[in-house]
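Structure, as structure tokens:
Chains: A, B and C, in written order; residue numbering restarts at 1 for each.
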Amino acid sequence: MPGLHSTKDIQKNINCSTPAALSTTSPATTLLELQPLMAHPNLPSEHDNSQEDREQPAPTTLQRTRAHFLKGVSYFSGDMKAFGKWMEKQFFLLQLLDWVLRGAAQVMFVNNPLSGLIIFGGLILQNYWWALNGFVGTLFATISALILQQSRGAIAAGLYGYNGILVGLLMAVFSKAGDWYWWLLLPNIFMSMMCPIVSSALASINSRWDLPVFTLPFNILVCLHMVATGHYNHHFPQVLIQPRSELPNITWAEIDVAKLFMSVPVGIGQVYGCDNPWTGGIFIISLFISSPITCAHAVLGSAVGMVSGLALAAPFGDIYFGLWGYNCVLACIAIGGMFYALTWQVHLLAITCAFFCAYLGSAIANIMSTFGLPACTWPFCLSALTFLLLTTGTNRIFKLPLAKVTYPEKNLGFFWKMKKQEKMEKAEKERKEKEEQQKATEEEIILNEKEKLRLELERMEKGIVDSEESEGKNDETLVKDHTQEVEPLDTAGENKRNHVTEVTPADYV
Amino acid sequence: MPGLHSTKDIQKNINCSTPAALSTTSPATTLLELQPLMAHPNLPSEHDNSQEDREQPAPTTLQRTRAHFLKGVSYFSGDMKAFGKWMEKQFFLLQLLDWVLRGAAQVMFVNNPLSGLIIFGGLILQNYWWALNGFVGTLFATISALILQQSRGAIAAGLYGYNGILVGLLMAVFSKAGDWYWWLLLPNIFMSMMCPIVSSALASINSRWDLPVFTLPFNILVCLHMVATGHYNHHFPQVLIQPRSELPNITWAEIDVAKLFMSVPVGIGQVYGCDNPWTGGIFIISLFISSPITCAHAVLGSAVGMVSGLALAAPFGDIYFGLWGYNCVLACIAIGGMFYALTWQVHLLAITCAFFCAYLGSAIANIMSTFGLPACTWPFCLSALTFLLLTTGTNRIFKLPLAKVTYPEKNLGFFWKMKKQEKMEKAEKERKEKEEQQKATEEEIILNEKEKLRLELERMEKGIVDSEESEGKNDETLVKDHTQEVEPLDTAGENKRNHVTEVTPADYV
Amino acid sequence: MPGLHSTKDIQKNINCSTPAALSTTSPATTLLELQPLMAHPNLPSEHDNSQEDREQPAPTTLQRTRAHFLKGVSYFSGDMKAFGKWMEKQFFLLQLLDWVLRGAAQVMFVNNPLSGLIIFGGLILQNYWWALNGFVGTLFATISALILQQSRGAIAAGLYGYNGILVGLLMAVFSKAGDWYWWLLLPNIFMSMMCPIVSSALASINSRWDLPVFTLPFNILVCLHMVATGHYNHHFPQVLIQPRSELPNITWAEIDVAKLFMSVPVGIGQVYGCDNPWTGGIFIISLFISSPITCAHAVLGSAVGMVSGLALAAPFGDIYFGLWGYNCVLACIAIGGMFYALTWQVHLLAITCAFFCAYLGSAIANIMSTFGLPACTWPFCLSALTFLLLTTGTNRIFKLPLAKVTYPEKNLGFFWKMKKQEKMEKAEKERKEKEEQQKATEEEIILNEKEKLRLELERMEKGIVDSEESEGKNDETLVKDHTQEVEPLDTAGENKRNHVTEVTPADYV
């Protein structure tokens, strides 16, 4: 769900050209790096993770096995680029299915059709009707993006589908009319088809700050539908949500530790509105397939949300139900490696963001309940946008340009390469400076020797002193003026030296 | 109400220079186009609509009659430019009246004092006190803009007045103190005078995306006044608006078709807060005078709003009262030809926007009622801004630069001219390319002939072959290398040719 | 509180270089101006106010006494630059204390540690616990900014502390748990440490329009905390705030004039959440020390707020409690000389802004109470931002670039210098134009005379025409080239001359 609207096609070119562009300064490294690419031309995506291979010129059997394993893994992990490329030549409906599956996974920032398939499996496990609504939403959001001629690259990455699946799912979840109320598909299709319009409009604004749109279109459209109809509507009634006027007494003895632990996968499931812990577990697996870093941060975020709920004296029921987790999950993924390159500082920032998001989640839930609305993922959007707008003086917190965002592991590769190149450039610069310095000192030594020679000569020849002196003086002042114009920071010593070198030949001709 | 703050003076220049600038490539067309302008120098505005005139060199009697009729129409339709120019030389108070009347019409995006006059007639028919408040609001908003030295062009187009009339009208409409409560004029004048400040501030933000401010200043200021005072205020009490806790049962049998049809003009009247269908009818006439496209979209928008209300199970009373219509009216006008050039795609987009606006209207009305506020025209502003921020890959949805927005018919003329010019430029380019290609082929033919000649000569002279051949080969490879560097896309055939031409002279020298 | 994030270090350079840079065109003025600077090299800041000194070459005793007094005053008034510079070499903890004190004063836009100290005195007078929370908030906000490596210049100016003090204070003020509830320090520290993050994020957005962030981070974070916990929370309960469903009857006889007057200092105290009039009085003194203009506008703003409350029929209790004053105080300071250079027009604008802010304050208080929230300083932020976004045609309303904002007196100095320089440049330009014109006319006269002479000569000598002519031609063409290069807009007169010279040879051939 990186929301790289209208930049994905650029990114495609960049993804292809980056490795070459970044290593132009070191042709030796490039060759080593390209070796496996030449062997398996269909598979460039996962290679950046196996940077340690480069150093050894002749791979051992173990390394070869490992490379083969990584190659195999790369076929279904990451963003499945090879599969995406293969898909481009397939039948249109098959392509559309690929886009829909990627869209389903993009809710968790994962651009991977296999993850999407597993996620749909989890949804079916939860509720058939919800899964159907989610599918319809993704499908029509993607179709609408095609009709509106949005960037084909962004559509193919599922960036127009993820809001659709959330709109479809959550409209079904919050409908009071019960399952299999077929009329619901009408507003579902309308709202899904509005997704690309709202996405495009928000992207026009957010792109000014190089920010993604996240799930803002979903938040806007679902809240729109719910508040426009409301609990008492005759056609599309909504679940009743009311502001809490008092909180139950909390006694720590009552706490159910098993349920508390279960709230971590439930929190991940609640990203799609699912309260089944098994569904949450399936989602964790789908994340792990694509990107272990994403998966780790998802679990961490859910745990942080649970702790925050306890700290702010939330009712245990809400915590068990995963309501404190899902926003933190998304915020923690977004900051922890997705839009920032993962360093220790960024990892801490991601945890801070998750805490902030939990606080914000409670606040927004209370405000929205006044209007009979759920919090949706507003807390995630607002907290993640805040943390992405942050500017710091440290270079350990590096925000990736939106067009280069892919998945945490690859982002990290990009960051490392950039660092390496910077280092090399710096080293090169330093080397040049040193050389120049050395040259300068050598010249000085030669000059000093010349000077000594001259002084000795002067001492020997003491005949034509007067006329020589006056001439020398004039030259000196001239030279000084000249050097001051060009190099105003030159010291007097330098000037003297210049004078000497330039004048010497004239003296003895 | 295009909200072209601080760009109207630029626009003036553009309006004058555009026809010339656009047709510089075709002096013949320009002359034909300028002919009627020369005959009637005061009347350039309506001419763009009569493009079919251009083709015939000698106008028939019918055509001449038609031209005369169009000329007559142009005096009071469109933006009445001739009248505006004539006004510039008049007494200041008369000018101010012109600006106030234009301001009254700009609520509907119409820059036409006659429409403004008719609209004031409709308001008087509705309620004397409201009309007075509207007039005071427009007047003081315009005066405030003069004091703050805002762009004179924008003031003269009524772009500082339309928020004023709405502020004045709606403050009177929502006041619980009843008609002729004279104290109300105090906050009315204060809020009207704040309009240009808020307009200018919002324009500073919106101009970054080349967006108009629409009626946002009115929405902000009226909501401000209403919520600051509230229903229980002793000085300025407001009408009580409360959130609906339940909806009446709707039975389709109860529907009153006559009232349903009447809701279309009532919806147009509600733009100014009027529920009298006759007033709405008068407004329709005033729109038709200036721009039939605007008028058609207004009626269409109101109908879409009514249908949406039925679809979302709204109480019939609200629909009859026009509450579902007025936002859709404005949104449909804004998208359908005013800020986009009208094509079929844009027409469909305008209808989609009207549906979205109706949905949004219901949502915002429910939210605002929590604070005792009406929906004002927030739904229109938000939906129209969203649809104007949309970016698509198709060139059939063309958003006009804000500085060139006038009225749908003229916008369309601008769009057509631009298209024509683009086509001509493209044709010109293609022509040139063809010529070059032809030249190239001709050259090739000549070269081939030369080549043939050379080969024949070679066949005849077979004495000094060996040395010549080796030399020629070397040259050829050299040339090839060179051309590959400079023109890497050159084919082998080209290379051969180059070789031949370059080598030939050397052969025979 | 000018919110010059990430620009303060630039500003430092500017502050140093500005006097020199601005007066480069007039070395005489510069010398006069620099004289006192040379005598007291540590004290450049306050000098700009004593511009009248410059004119007299030899200062009298009175003037010398005055200069000494101003020098003394400058040590603790304004932004205490000399002290700030001296501090840079001190122990880190002492520096931190300086930053904390400046942060405390920056709430009122005052960058002065002495004012900060006095303000802390006032807070202690009000409530020990609140003062402690305020101190903790400022301290941790500053530390967090250091950790996040924000601009050191901005930290040293207290620009990361002022939101912290407000967060700390107001969280204590609105806590229902009573004083000395030590757990409150936990969310206090967390929220204070979030301040720099939110500040930085908002600055990224606002800097696009060269706007400060004001107290928006405080507003966001305190509202966040309050609405996230709420009245019924077991850990961090908040004071109960409910929407008013009716207003008490107001009879003008009941008004207490003494309390009404007292509401002016109370309103200033309420900026920090203090209702003690003595505390408010102490704050007034602290403002006067740094900047009398700020102090005057603070009092004026509080009075405007009180009048607005009476006009809008607010309950007398609210007015006495200063709730109508504090936003107007801040808005009036911000517009009246802080971000605009103080002229009469700006003074009137500041008063208008204060009225608008009072209106907005009532509106926002009513809306926020729906969620159990106080109005905080949202009204001030929104009204001041609106008035800072205003664009006008007059040059009497001059918005200072954010990087040049210091305190009203110095801002005024900057504005005057700029005006002066503009005037001088204009005069210089006019002088040059005049000179050129004069030169041109002189040349013309000379040329005319030459021409006459030449014609006479021609008439006299009619023998050796041919050779003469060719020579004349050469000269002529030279002159022509020269004049065409330099003055391409030359009039027909020139052309005539050229014509004559060009035609002449042809005539006589």
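Just so we're on the same page, a residue touches a chain if its C-beta (ideal position, glycine included) is under 8 Å from a C-beta of that chain, and two chains touch if they have at least 3 such contacts.
Since the model is a prediction, treat every value here as computed from it, not as a measurement.
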item	value
Chain C reached from chain A - shortest hop count over touching chains	1
Classification of the chain B:chain C interface as same or different, half of numbers criterion	different
Chain centre separation in whole Å, for chain B relative to chain A (CA means)	38
Computed distance of Cα centres, chain C from chain B, in Å	38
Overlap residues in chain A, where contacts from two or more other chains coincide	208, 370
Chain C contact footprint on chain A (complex, rising order)	208-209, 244-247, 249-250, 311-313, 352, 355-356, 359-360, 362-363, 366-367, 370, 385-387, 389-394
Residues of chain C defined as touching chain A within the complex	6, 148-151, 190, 194, 197-198, 200-205, 208, 223-225, 227-230, 232-236, 370-371
